[in-house]
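Heads up, the next two complexes both have chain A, just with different partners, chain B and then chain C.
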Partner chain A sequence: MNIRSAKFFLLQRKAAPYVFLSPFIILFLVFGLYPLVKSLILSFYITSGPKARIFVGLDNFRFLMGDRDFHTAVKNTTVFTFFSVFLQLPLSLGLAMLLNHSLIKGRNFFRFSFFSPHLFGQVFVAVLFGIIFAPQFGLLNRILHFFIPQIPSDTKWLANPKLIMPSIVLTSLWMYVGFNMIYFLAALQAVDRDLYDAAHVDGANAFHRFLHVTLPGIKPVAVYVMILSTIGSFQLFELPYVLLGQSPGPDNAGLTIVMYLYLKGFEAGDLGYASTIGWTLALGVLVISLLQVRIFGMWKREA
Partner chain B sequence: MKDKRHRLDFLIDIFPFGTAPFIILMITLFASLWLVFHPAVRKKGNLSLWVFAHMHYNAYKKLAPEFEKSHPGTKLDLQMVHITAVTSRLRSAMWAGIDVPDMVEVEISFAGTFFAGPVEQVGFMDLKPWLTSSGLYDRMVKSRFAPYTNRGKIFGLPHDVHPVMLAYRRDLFEQEGIDLSKVATWEEFAEIGRRLTIPGKRYMIQLSDSGHGHIETILFQRNGGYFDKDGNVILDNEIAVETVKWYIPLVAGKDRIASDIGGGVVFTKALEDGYILSLLCPDWMTKSVEDDVPRVSGKMALMPLPAFEQGGRRTSTMGGTMLGITEKCKNKELALDLTKMIYLNREDLADRFRITNIIPPYKDAWDHEVFREPRAYWSNQPLGKVFIDLADDAPPQYTSPYIWVAKMKLGEVVASCNIYYSQNGEKGFDEFVRLRLKKAADDIRKLMRRNPF
Partner chain C sequence: MGKKALLIIVYLLLALVTCVMLTPMLWLVAASLKSKEDLFHYLFFSPRPSLANFRLLFSDIPFFRFLMNSFFVSGMGVLTQLFFSSLGGFALAKYEFRGKKAIMTLMLATMLIPGQVMLGPVYQLIYHLRLMDSLWGLIIPGMVSVFGMFLFRQSMLKIPDDLLEAGRIDGCSEFRIYWNIVLPVSKPMIGAFCLITFMGAWNSFLWPQIILHTRDLATLPIALNQMVGVYSREYGTVMAGTVLSVLPVMILFFILQKEFIAGLTEGAIKG
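So, the complex of A and B:
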């Protein structure tokens, strides 16, 4: 190797990491950091499109705190998140345990079947469930009324404010239970079989084996899925938006924080206020995620 | 054993990070070069028009060759954009100042939101000088300019009037020995409704029990609405209170005569089965009914809306579209020429009526024979004429940049009043309605007070 090629080799070694990182860095700066900074600046303005703006300091945040629609959006999103996490995850885990059992025949078929709703995407699922939930002639009403005649066949799942959130949660369960099941399935298969044998020899019954072997074994994955589900639930938008006919539904019963952000920013044209909502949501999700990590971290120390 | 040298191993000498990173780098490089040398094809036309309705798209597409022939060197770039996308895409385009169409059709519910901000920054051309100087303003249904007028400027040309009639299953009413066309007031209508409605099986009319869609039509009929002509909120005035108090018992409680059945296949089945006997029906909806429920052809009929008092207004309005010329349009004269061709040509409007059932707001076209042709589907009624007879009486819908919020708030009022009435009936209902309407109106006023523009 002569001196020239050695220099070239040295330069290459020094430059290569930056070359490989540069596409990400450029894309992040243009499509990530710049919009973030811009939206933070915008949140201190009242805007009408990008040209007309007036600096109002923290007034957008002050107004947001007293905005009834925002309160409704926060309440709805929190309710959805609560049910998403505390219904979805146990169901996913239960399904994963069932389909991890060697006695179940055609396990791969069922695994794919339960996972497949996730492949369709929220918009398709929302359109599908819009038909299923239809009053009088919808599939759900037909079935319910057939088996329980006391339930009226014209139940308005998507027009009755009290039934809207349960309908959204139900749709989301159909979509995500199978998806989270895959995580739990992978975690279950990674639990050491010897631990089960040892527990069995020690006289532990099925419940104790679940409590003392399975749960600690899948804990890292469970925490990961829980945090991911929480963040995803707080970002809920397309599903209710399409399900409720591109609206927040009667009495704002399906209004979520991101839907409110979208409506304010892109329907009403107030980018400043939409940015305020976005940053408030980001801070809220950050706090909740940190709390979750901290709670489970403490749990770990106790164990 | 002798080491076998792989064919690609020579790369290690010049690129020491392995074969896979080298391939990734090459793919990235080639893809980037490909994109650089094959940029997206620029639009070919020099006059672009966005529309959201398939029927409009097809009609304008047919007219494009004629327009291009009469304007040498012009190429019309007609684009079909989904109704929801029109709003967001147009707004983004206007904000960014990139790829703004020369002309665009905007749905009435969202039109007002484009008039926000300083008036000189509204993205549409003021058509008022052109309309008044050409005398067109006086030859059109004046109330239809209201939704597209803001601070004295007219930013859109109305595509339609959309008077509302009552469409009903003539055959089923006749079976009951009732000639519904003789009903003149809503009071008489409700009385018949209470006789014919069988809960869970048959309802007198389709009305929304949770949204703003139908009640706003009734509000307009009574000269109410969201805003007055100066843009002030009137959602909590006495007309609104009386309308909500009249409307809710029709859709809620044990004596309701209306059902909210929704659209699509469910609506088809409901009308076919006689689950709903009548519906509020603007001209555009007659086409949807014809297409979606062909099995009731000849069994349907139209009548003017019942009035709130003897001799009162017998129609309202529902839906609409405006054509706007954007400020970015480079050749506004050319755009105005196209406007005349697609919105103000008597023969073309007649042709379009055959396809869409929509009567134009341009009165010079109304004496065309097409509007007097009987339609078998509607019991041989002259579809165009029955709507034209009501068109001049169609009420104005005044707008504001806050129109979208106002619609959402009215929907909230309907939903909450529905729940209240279902649980408590008339007890305290008057007070509750006033309270909810005031709250809704105050929310809008609060937003408007924040607007510094």
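So, the complex of A and C:
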């Protein structure tokens, strides 16, 4: 190797990390950081389409606080998130514990069948469940009517404001319960088996073993899943939007925060107000995630 | 309670949940294979399976076009994200350089902010770049994945430095090291990443709904959502479309199952 190519060799080694990162950084700046900053600026404007805009200061935020449709959207989204965290996650953990039973055969089959609904994606799940929930010929009504004849077979799950949220929660349960189970199962399998044996020797019953060995063992994963699930639930959009035929449903019963953002920004054309909704959502999600970390303590592990 | 009794209860519960999970899918496949006359007559499969719904899909609607649109957008999305994320992840995992910490902190911070915040400004950008109503308008904003970059950084940290040094002594350029040494070792993570990214792009709805207007450009989620309104009484056709729409992801999952589950849970268990 001559001196020139040796120099080149050293130079390319020095430059490599910058060269490798530069496409990523450029794209990140253009389609990540710039839109974030720009949307903060936009939230101080009323806009119409991609060009026209008027500066209104904090008026968008002030208006949003008194916007009754936004209140409905926040309420619906919060109810949905509540069920995702306090109904769905315990069921996921329960399923994981069943599958983690040491003598179970066919674990891969069960795992796949529980997990597979997640592969559908929200839109296709909503298309399928839109028909499952249909009055008369829908699968749900026919099965319910078959087992309990007192229930009429023409329940309009997606037209009755009282039944819309339960329908959305049910659909999401079918789609995500197995997905979250994967995390819990992996966490359970990582818990030290010796700890169980020790607890057994000490005479701890099943409930105590769960409380003092299982729960502390899976706690970091549980908090991680809870935060992911909260963030995901607050961004709910496709499922109700497609399920309810591209609408928030009667009485706005299926209106969510992101759906409201979409309707305001891209059907009414006010990107400024949409950015205001977006930043309010971001702030809300951030505060709730921090609270969860605070309350459940992700960083310190207790024995 | 005896060990055997407990095991039987566990199996019963598992079987029950399996039924609940698989019944809607079975019903979906059954409905797609029923002729119009049999649709309401049989709850599940009819004794006379028919492919009429699938035929209608390709004769009445440009379904093949929608399939190709989805494959193009998802395929390009996977390839570009894979390349940029793994290259960036490699730089952050295996090099020390000025500004590294600042870059990582900045990216982590943006990960905490829901993507919908950016919809308005990205819409304006795409408008000014004249990419509205085009498939490239779907692909380009999605080319960079901060999540993917961290995923690759995490898995590449484990590659021993000696392996890279050996390559350097043999006279490999840094890019050759990435291409010939680092990428092949990262195969499991690449498998997991491809599936996660493909699923994300394949099922993506909000962004295409915002920027696509021409019917012929529709990806499958957009097309299926529109079919629901038009074919509400002939849902056999909608179900056939749904079957064909979820099939590619299912097949990909079967191939990459092991890598996917390992990749999904790796961050959670160790992080």
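Operating definition for what follows: the second predicted complex is superposed on the first by the 292 of 303 C-alpha atoms of A that agree within 3 Å, B and C clash if a C-alpha of one lies under 4 Å from a C-alpha of the other, contacts with A are read in each partner's own complex, and residues count from 1 in each chain.
Note that in this section a residue touches a chain if its C-beta (ideal position, glycine included) is under 8 Å from a C-beta of that chain, and two chains touch if they have at least 3 such contacts.
Here the structure is a predicted model, which means the values were calculated and not measured.
In the three-chain model built by superposing on chain A, chain B clashes with chain C. In the overlay built on the shared chain, the residue A:226 is in contact with neither chain B nor chain C.
Using the contact criterion defined above for the overlaid structures, shared-chain residue A:16 touches chain B and also reaches chain C.
Using the contact criterion defined above for the overlaid structures, shared-chain residue A:89 touches neither chain B nor chain C, since it reaches no partner. In the superposition on chain A, A:168 makes contact with neither chain B nor chain C.
When both complexes are overlaid on chain A, the residue A:74 reaches neither chain B nor chain C. Within the superposed three-chain model, A:251 lies in touch with chain B and out of touch with chain C [touch as defined at top]. In the superposition on chain A, A:266 makes contact with both chain B and chain C. Looking at the superposition, the partner that touches the larger set of chain A residues, chain B or chain C, turns out to be C. When the shared chain is aligned, no partner comes close enough to touch A:199: not chain B, not chain C. When the two structures are aligned on the shared chain, A:135 is found in touch with chain B, with no touch to chain C. Clashing C-alpha atoms between chain C and chain B appear in just one of the listed stretches 24-32, 60-68, 150-158 or 168-176, and that stretch is 168-176. Residues 9, 12-13, 16, 20, 23, 50, 131, 134, 137, 246, 266 of chain A contact both chain B in one complex and chain C in the other.
Chain A makes touch with chain B in their complex at residues 9, 12-13, 16, 19-20, 23, 46, 48-52, 54, 63, 68-69, 131, 134-138, 152-154, 156, 159-162, 246-253, 263, 266-269. Within the complex, the chain C residues that touch chain A are 7, 10-11, 13-14, 17-18, 20-25, 27-28, 31, 39-40, 43, 84-85, 87-88, 90-92, 95, 97, 100, 103, 106-107, 110, 112-114, 116-125, 127-128, 140-141, 143-144, 146, 149, 168, 171, 173-175, 178, 199, 202-203, 205-206, 209-210, 221, 224-225, 228-229, 235, 238-239, 242, 245-246, 249-250, 253, 257, 261, 264-265, 268-269, 271. By the touch criterion stated above, chain B contacts chain A in their complex at residues 15-17, 21, 25, 28, 84, 87-88, 91-92, 94-96, 110, 113-114, 116-118, 121, 200, 208-211, 259-262, 264-266, 269-270, 275, 401-402, 404-405, 408, 411-412, 414-416, 419, 443, 450-453. By the touch rule above, chain A contacts chain C in their complex via residues 1, 9, 12-13, 16-18, 20-21, 23-25, 27-28, 30-36, 38-39, 42, 47, 50, 95, 98-99, 101, 103-104, 110, 112-114, 116-117, 119-124, 127-132, 134, 137, 139, 142, 174, 178, 182-183, 186-187, 190, 220-221, 224-225, 231, 234-235, 237-238, 242, 245-246, 258, 261-262, 265-266, 271-272, 274-275, 278-279, 281-282, 285-286, 289.
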